[in-house]
Amino acid sequence: MAHILELTDLHKSFGELEVLKGVSISARPGDVVTLIGSSGSGKSTLLRCINMLEVPTRGNVTIDGETVALSAEGFGRHPTDADQLRRIRSELGMVFQSFNLWSHMTILENVMEAPLRVQKRNPAEIRTQALELLEKVGISAKADAFPAQLSGGQQQRAAIARALCINPKIMLFDEPTSALDPELEVEVLRVIKMLADEGRTMILVTHDMKFAREVSDKVVFLHLGKIEEEGTVDEVFGATKSDRLRQFLSAAGHA
Amino acid sequence: MDALLAIWSEIPRYGQPALFNLYFAIASLPIGFIFALGLALGRNSNNRVLRGLCSGYIYAFRGSPLFIQFFMFYSIMLALNPIWWRPMELSWLMMNPLFIGPLALVMNTAAYTAEILYGALRTVPRGELEAARAFGMSRTQVFRTVTWPNTIRIAWPAYTNEVVFLFHATALVYFTLPVINAQRDIMNTAQLMFERDYNAFLHFSVAAIWFLAISLLIFFIFGRIYERLMRHLPPDQVPARPRLRFRPKYIR
Amino acid sequence: QDVLRIGTEGAYAPWNFINDAGELAGFEIDLGNAICEHTGMSCQFVQSEWDPIIPNLVAGNYDVIMAGMSITEERLASINFTQDYFPPDPSKYIVITGTELDFDNLSGARIGVQSSTIQAGYVQENFAADNTVVEFATFDQSIADLAAGNVDVVLADGSSLEPVVANSGGALEFIGEDVLVGGGVGGGVRKEDTALLATLDEALDALKADGTVDALIAKWYDGAGPFYAE
Amino acid sequence: MGEDLAFWWGYLTNGKHLQWYASFRFTIMAALFGGVLALTFGLLGAMALRSRFAVLRGIGTVYVSMVRGIPDVLFFLFFPLAFEQGVEWFVSMSVCGPDSTPNAGWPPCREANWLLSTPEYLTLACVSLGIIYGAFTANVINGAMRAVPRGQLEAARAFGMSDMQVLTRIHIRQMWIYALPGLSNVWMLLIKATSLLSLLQIADIVWWAGQLGSPNFLPQAGLVHGDWRWAYFIALFVFYILVTLLSERVFRRLTAWARRGMPVEA
Amino acid sequence: MAHILELTDLHKSFGELEVLKGVSISARPGDVVTLIGSSGSGKSTLLRCINMLEVPTRGNVTIDGETVALSAEGFGRHPTDADQLRRIRSELGMVFQSFNLWSHMTILENVMEAPLRVQKRNPAEIRTQALELLEKVGISAKADAFPAQLSGGQQQRAAIARALCINPKIMLFDEPTSALDPELEVEVLRVIKMLADEGRTMILVTHDMKFAREVSDKVVFLHLGKIEEEGTVDEVFGATKSDRLRQFLSAAGHA
């Protein structure tokens, strides 16, 4: 099966600081890839490079066989094909740590906004799908509420519905539960688990090792901007090779 | 008691002059706002030249007195009259206080409003912007979906103040521009009456009452609009309503 | 009374103005000083904006107005005047050279005047219906706006306009017939100051008699006069 | 070329211009004294606003709200005139009688007349500015007092400091950091308001600019020239921008100094 | 041995909400009393009642045999003897969750402020003691830095030194580590442990059950403003009686 996502030799520097130092990852359709690593290791940056919220200073991103067109390497590198970028982004559903729902729109409007404006699909059809998705993540009762009226867990589920409604080829999650209280976390993890079971392609940054074990097809351990270890759950958690990973896992309360 | 009666009976006399103040405010606010939006976006842009120009403009017009701006505009327009306006047959418009007044006010309010909008632009939640970009929205779509709605909501209380203070600033117009066909605003009328009978308490009080009443009206209307704008937030999370805030930064 | 406080505008050449040295100068300044010398008082000049110049007199900010003020019935209602020290001075229309105006059917013109002057009253009365009257705070501003073409014509005292036309290098000229409004120019004093009025009148009599007034007029108005020689 | 320079140098240093330059002292004095008074009234106003007594709070609120409802020009004109008339009324009570000279307008008799000239007007202008911008200052200081984190005060109380100690050792010390940006803004306002002095018959920089720029046609009065006011007003425009730019620099330094070691935000 | 702290029947309401519903606790010199309970159960309020940052609506606080003089019960109740209050407060060293170091003073000035202004002791002597204490908590190098220049853990240790410098009879800690990252937490806990081992009297609010086990002489479990269970570590953690506590402990990851 062909790769749906390929990251080749990604580098990213912020000024002097080199955060990613050559990372290559690939995923097949249906894969759940989990990125783990200590704080500052570059997980978020890597994830944000996938949809060009950060433009990698070197290396390429290929989604479903299409490589994002970028200008020459170095600082000031930028996507050269705005249309392509827009199209590719609208195939990637991103869920942020802090939800980032548009606060002045109702939940339903939030979910419908991108399909309507970016994909320019039929409003009635989007509406049906949006309501179905809200049903699916369990907050259909809140369709007409504003984000501020929802709990954190509900907001995150709405954000997931919003990302799903563009029918993305890949879902990207950046620590989707770390801004949540433990009780609320559970609901969101359940929704993500459900998506994994459905066979969606997902790239997931998480601190929750237990959860990573449950859902991952592949686990990638980032350390100081490099892949220190990668493999299946059993390989990474069961037969840990690197000392650094062992140390990290023990600090994460999971020896 | 007599004093109150005198004030009461003088109030209607300022009705027509008040129209001039209202005219100056209403003629300059919408144009000033559009101009300000351009300035704010320019100041927020990545283009260094544009950013410098917009910042410079905003600084100059916020950093100097409106009183002098009026004199300056009038004398510049006058100097341009023989070489531009007359040949173009635009004198009737360009040299009219009813045009120069709003012109100076537009230039001025644009700078203050731009500062407000710029401040608001900077506080648009980054996350919401990123979310919009992550979904593949174009620049204009991001502006429509996230930037603008957030900006206007954040800026509204400060803008309300700007509107009130711009209205107050209209009192300066006839201190600086010639009076045509006895068209006088509130302040000019009060001044004229004062010079007749030296009754400062009466005339200036009545002028103050007019300004106060219209200011309160503005606060009321803008407060209503604010409530509508903020209906997406539960009441306890809505920032202070316009009338409660005031920021000297945005006053001339 | 030792000190005579004279209220003047300081922006109405050649009557009273501030010269390049930054001092008050002009016909009325010289005349005032001559009066003081004659009466043995010391002169103190007080500058006031034109508009409130009469109220300021009434309020007591100075004792006499010497500001090229014509003696009119309307002003006599609120203050007294000394005898004139300048004969009735015709008002003149001034325009940019080449402008044509038909004063019999004047309409649509912009007429500039200094506010609160006899000319302002005259224009309001005769032309306001069909024309635009633009009132300026000072004489200088009215001339500036005329030269820049912001008003079509200015009506003002001939005595002040003469040097303007003469020194405009042909850019400005008189037009139409002179207008006679108001009496001569005199010093304004408060109604109740009868003693001061008598003193000033007596001083003016003397200064006219010895030719001082005529000499000053000739000095400041390009050789005009003599008006008061016997 | 040299002749031109000499001419302009001579023109710009003639008596009229020297008086113009000298008149900057009014503006500077109005700004400085007005500023000091504004700070004084501001502190008093803030104290009133934070007072335990409802009456004082009411007075403070009315004072602080005043500037929001009516234009500052109006107050700037009204206060000196009203003050003058108040004094005259007070004097007239004792002075005016059957023997005194009656007066048509105000005051009732001429003996009660208070003659205002530039020094008095300037003083009153400073007080006006002080009152108007004192209201803004009061608001700024009040806001800054509230901006001091509660925890800072609580910690002081928990260690047994008296109310006075909490106020002077912690609250006011930290208040300045939050107040400085606001005070800077009020100061800019006040500087700009000094352009209004000519409305009180003070021959200030604006009045002289108008005089100097007005056209002159009488050789006896000096250089014959057309309407140059635009040049003079542009000069003033630039002058004020430079002054505000300079004050902003100073305030920025001051703020940086005041908050050395403090958290960056706020 | 006499009690150094006695809280008798404390009640506290905020408007309609009754947060403390009659709590009595006593401690002997050298005791370490730990308050545990879920969020909102009133732990902080109880601690703040001890030094009258909140005035209890009913009940009394007695420190070392001296009862804080309060006006009649009910709303608007307040301490009546300002001198006594000041004295008693300066015998209680409080450490806050968010440190609350005075941000405009250096660390050394922070530590010296209360002894100097409130206790009016000799400056030279205070200085010596302050430097010793900073040494003891391990941040003597930072004496002349401002709080904002320190890490959270360093700030909290400075706050502890500040509280110690008034030679308090009792130390009060309100979740001293919950604003800290896990790595920084360790340093602070070590300092508190050291104080406990020295035999200081301490009242400690914490969420960290492991730590509570280590240091406590007595554990008090608050639930909805009442003491649901109290006793030694063994009694409370070992032989849990109440269902509520069992539930709480299991949620706290400590079955």
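Every chain is named by a letter (A, B, C, D and E) in the order it is written, and numbering of its residues begins at 1.
Simple rule for what comes next: a contact is a pair of C-beta atoms (placed from the backbone, for glycine too) under 8 Å apart; a residue touches a chain by one contact, two chains touch by 3 or more.
Not measured: the values here are computed from a predicted model.
Chains that count as touching both subunit A and subunit C, per the definition above, are B.
Between subunit C and subunit D, the least number of touch steps comes to 1.
When each chain is reduced to the mean of its CA atoms, the one lying nearest the mean of all protein CA atoms is B.
A count of C-beta contacts for the chain pairs D-E and B-C puts D-E on top.
We define each chain's centre as the mean of its Cα atoms; on that basis subunit A and subunit E are separated by 42 Å. Here the spacing of subunit A and subunit D, counted between their Cα centres, is 57 Å.
Centre-to-centre separation between subunit B and subunit C, using Cα means, comes to 41 Å.
Separating the centre of subunit B from that of subunit D, both taken as means of CA atoms, is a distance of 22 Å. Shared interface positions of subunit B, i.e. residues touching 2 or more other chains, are given as 78-79, 198.
Counting partners per residue, subunit C has 55, 59, 141, 144, 147-148 as the residues that reach two or more other chains.
Of all residues in subunit E, those touching subunit D in their complex are 51, 53, 82, 85-90, 92, 94, 96, 98, 100-104, 106, 113-114, 117-119, 145-149, 162, 166. Residues 11, 13-14, 17-23, 25-26, 46-49, 55, 58-61, 78, 138, 140-141, 143-144, 147-148, 163-164, 166-168, 191-192, 220 of subunit C are the ones that touch subunit D when the two sit in their complex. Note for the complex: subunit D touches subunit C at residues 14-19, 101-107, 110, 113, 115-117, 201, 203, 211, 214-224, 226-227, 229. The touching residues of subunit B, counted against subunit A in their complex, run 125, 127-128, 130-138, 141, 144-146, 149-150, 153, 231-234, 237. Listing the residues of subunit B that touch subunit C in their complex gives 78-79, 81-82, 85-86, 91, 95, 178-182, 195-196, 198.
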